[in-house]
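Chain nomenclature is as follows: A, B, C and D, assigned in order of appearance, with residue numbering initiated at 1 for each chain independently.
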Amino acid sequence: MLPTTADLMPVVVAVPVAMACLLAVLGRALPRRAVDALTLLTMLGVTVATVVLLRDTGTGRTYTWLGGWTPHGNVGVGIAFVADPLSAGLAVMIGVLATCALLFAWHYLDAVGGHFHALMLFFAAGMEGFVFSADLFDMVVFFELMGASAYALTGFHVEDETAVEGGLNFGLVNSLGAYLSLAGVALLYGRVGQLGLPQLGEALGHHRPDALVVASFVLVMTGFMVKGALVPLHFWLADAHAVAPAPVCVLFSGVMVELGLYGVARVYFTVYGETLPHDDIRRAFLVLGVVTAVVGAAMCLGQRHLKRLLAFSTIAHMGLFTVGFALLSSDGIGGTAVWVVGHAGVKSALFLLAGLLLERYGTVDELELHGKARDQRLGAALFFLAAIGLAGLPPFGTALGKSIAEDATLTSGYHWGPALFVVVSALTGGAVLRFGARAYLGLGDAPHPEELAEATPGDEEPEGSVSGRTPLTMLSAIVVLLLAGLAAGLVPDIGRAAAHAAERLIDGPGYAAQLLSGVRPPAPEPEPAAVWTSTGVVLSLLSTGLALLVAAAGLWLRRLRWLHVLTPVMHRLHRLHTGHIGDYVAWLFVGMAALAALVGLPLM
Amino acid sequence: MTALVAIALTVVAVAGTAVVLADAPGRQAVTLSVFGMTLVVLFVILQAPDVALSELGVGTAVVPLMVMLTVRTMRKDRRQRGHREDE
Amino acid sequence: MNRLGRLLLFALGGGVVSVLFVLATFDLPDFGSSIHLYRDLAVPAAVQHHTANVVSAVNFDQRAIDTFGEETILVASVVGAAALLRPSADESERRAPDLGRTLESTRLVGYVLMPVTLVLGVDVVLHGGITPGGGFQGGVVLATGLHLIYVTGTYPALERLRPVVPFEVAESLGAAGFALLGLLGIWTSGAFLGNFLPLGAFGQILSTGTVQVLSALVGLEVLGSMIVLLSSFFAQEISIRKAGADQ
Amino acid sequence: MSIYAYLVAGYLILIGSYGIVRSRHLVHAVVSLSVAQAGTYVLLLAVGYQRAASAPVFGSTTKPNTGVVDPVVQAMTLTDIVVSATVTALLLALAVQINKRHGTVDPDDLAALRG
């Protein structure tokens, strides 16, 4: 039988796995370049396949029941892979980011016997499987696959003492999250006796939300919220991002963390959308999102280790994305989707630039680097471009996504929305700009010797051995990522496409009807394209301007630690990030309790 | 619920508690192996022979063995570290 | 945060979650009830594909993609553990010392466990006809059996009996084979991991189409990965030394 | 009494997590994690149990019928057990390396090292 478009989904999962197995065995025998080339070709192929899938899916859904086990009535024994515009779009993103990361790694990392490349392929395959799967248990399986490869990649530099520690913290918290999710799946299975998302949604249908529904929701979401780094389940992220090799951070910050939020959204709309009231969920995730954004931004400002700084900026942005999701509207989620693409482009470029700095100077500490990178003209240009992109300067995708989401908050009646978005973008962008100004331009006061002497967490060893000119492969990876971040704001109609994608995501009953009975969804209404609005542009310029102010303040006002000194609150916040695994698990349960209270109490 | 299931469940709970409360790293492998054995019994009683078989291999043998080797490696590495610092 | 603070925080969070969980259990069907919708569908589906062991039918046919994911986790973890336990820049691997050395405390455990495992291994083989699946269990039991040689004997003896490379190959072959067989299903049956091989008489070993093949591949993989994993740990314990450290 | 099995499962998850919180040794933390995971096995099997039903395996002589315990939860548990071994291995491998680099695997000491 001839393969169809839908068959591309299992193919992009299975082929990287098969290739990774091959490399795990042959890696030692093959020359390094052959391993590089095979891995890169595989991910390029995956990218092309997912682009075809995205194109063919259009505004509808493509699905296949694996093994040919189509359901009868509203029940079945099989598992489906489904692509709608959102999941196909995410799949493309995974492909592009992995390809760029591997391109960068071409001259990077003394990769051992194909292990690194095999793990990257397993990681990508796990993420692809996660976005396509339409089965709750299967999602947890792919979630664990992402996890297992990610822990090993985090601790890959075994000589680096902080790397192995970051890997273990990540692994323990994330595995515990996965097991709690599995417990939630078991509860739901006990009630319904099915595992597929559409079957579960149909069965829960208009069931009154009782304790079991709430408990299973809280448990299932815990795993996803750990991955999505929602405060207070976020602690692992900074530890892991600070120490993982730069190309790995591209996948971590660019898409893995966002997949946590995708999991929350997908499972909520397909399984719980008809039983847990929207108001309830909106309130819960608005609270979690705002707290995450504020904590992330505040922590980001206080960092001097670039990768840690970028990690907290990712947490802050996850908070904003969560607010965008929590609006539960097509423009809120659509705007967030555009923003996620733009963010992936600029943030990944920044992580790769951090990798270059680390490689050249053996440190990414802001004070130690003061003025040292002055000769890096091109690096500086790329860095500042990415930094103002992160702050939200038009026409980057970050700015377009932000402005659509800002409009959406106003439509939903949350007038504080634009202010939060602008301030958090400015604070995180400003922190990055400040770092760049110190390192590349040598601005700001020269650091005190005692400040330099203070050991920063993570005096890493250089990750590779490139000196002289930066290799073309590394530069091109950074440029491609930046262009992708720009494209997200410039491609005509991307706003409309994102809104349609969001509509498909939200439509839980339509999802079930199509998968279980083959009912095609109606063509989406030709709604007004969400495009650049004058308010949006003004607000974006405002956030960029504020970011410059924040950077200037950080450089010249009472030096780096002005915020610490000014507010004991900041100091206390810093002290909570202990790196102690016991603390992290205790906070994880507090986070679950908070979600349980936010969702459960109003239902009582 | 039959008494047998109730007893097996209780034994599992007690053994699990013992694993968590046993602090000495050297004893981890043993308590974990015993815990695995109680799970095997429970799975057999719950009519899950396939699961019990897996647990027997993994829970009572492979994982405890890895734990034991890890603890030994750590002791050895710490001894060597001590040596170096003495020199 | 100090110990007390940490425990209080956990008590707070864990307390709330526990209350919710207990309330939820009251909404579950009673323990041991006869309402199992998926079971009622899975059993006929297994019979339709002539698979006597319904667990295997679920693992390797109806929900084969789960198993594909799980066994990929297996290989990924093994590759990851091997990468993490490689001798680092300041370490060197050297020949296992002292051929005659035995580990006294573990020897005893080995003597106790050996017969249990052997009996079980035989049991798995005997049940082969009735439980035509069992790649996971089979692989684990075999790997365990192999390692009891170590526990009762010495590491070098094990190393002679069990060079690691073939097991690495077996492991990767198993996982890659699963992927390729799944892909083959797209062309032959129209769906990834479709059961496209001819079915035989119910209850016979080769009756189940791809189920038996996938099960065997998983068995190969589990056996390989368990052995490779344990050997990384053995190497750390026995033969990897810090450069300059003298025994 | 009919929820006792579920409660034991929940208890294992909770006590395993408690073990990580109070742990003074990373190996102990990893082992506690596997206790928490065992809780999910018990929960799954408890949910799929049926009184007086047999195992979901038919011989060539037994006629297939649905009077068996749920095979699906068994399939899920079965694969999870094998996977747990490898994930535990990964975490233990990281713990070995932490010990090599820091000379300690006590989370309190590790947190203190960071300052």
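In the analysis below, contacts are C-beta pairs under 8 Å (C-beta built on N, C-alpha and C of every residue); 3 or more make two chains touch, one makes a residue touch a chain.
Quantities reported herein were computed from a predicted structural model and do not represent experimental measurements.
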Per Cα centroids, the chain farthest from chain D: A
Centroid spacing, where centroids are CA-atom means, of chain A and chain C in whole angstrom: 31
Centre-of-Cα separation between chain B and chain A, whole angstrom: 36
Approximate Å spacing (C-alpha centroids) for the pair chain A, chain D: 28
Distance from the mean Cα position of chain D to that of chain B, given in whole angstrom: 11
Residues of chain D touching at least two other chains: 2, 4-5, 10, 17-18, 21-22, 30, 39, 46-47, 49, 51, 53, 56-57, 68-69, 72, 74, 76, 78, 80-83, 85-87, 89-90, 92, 94-97, 100, 108
Sequence positions of chain C contacting 2 or more other chains: 6-7, 10, 14, 17, 21, 26, 28, 31-32, 36, 38-39, 42, 53, 55, 58, 63, 66, 70, 73, 77, 80-81, 84, 88, 131, 136-137, 140, 226, 229, 233, 236
In chain A, residues with contacts to at least two other chains: 137, 144, 148, 151-152, 155, 158-159, 164, 167, 187, 189-190, 195, 578, 580, 582-583, 585-586, 588-589
Interchain contacts (touch definition) - all pairs: A-C, A-D, B-C, B-D, C-D
Chain D-touching residues of chain C, taken from the complex the two chains share: 3, 6-7, 10, 14, 17-18, 21-22, 25-26, 28, 30-34, 36, 38-40, 42-44, 46-47, 52-55, 57-59, 63, 66-67, 70-71, 73-74, 77-78, 80-81, 84-85, 88, 129-131, 136-137, 139-140, 202-204, 222, 225-226, 229, 232-233, 236
Residues of chain B that touch chain C when the two form their complex: 1, 50, 53-54, 56-58, 60-62, 65-66, 68-70, 72-73, 76-77, 80-81, 83-84
For the chain D and chain A complex, residues of the former touching the latter: 9-10, 13, 17, 20-23, 26, 29-30, 33, 36-37, 39-40, 43-44, 47, 72-73, 76, 80, 83, 86-87, 90-91, 94-95, 97-98, 101-102, 107-108, 110-111, 114-115
Of chain C, residues touching chain A in the complex: 1, 6-7, 9-10, 12-17, 20-21, 23-24, 26-29, 35-39, 41-42, 45, 58, 61-66, 68-70, 72-73, 75-77, 79-84, 86, 88-90, 168-169, 172-173, 175-176, 179-180, 182-183, 185-195
Touching residues (chain side chain D, partner chain C) in the complex: 2-7, 10, 14, 17-18, 21-22, 46-51, 53, 56-60, 64-66, 68-72, 74-76, 78-83, 85-87, 89-90, 92-94, 96-97, 100, 108
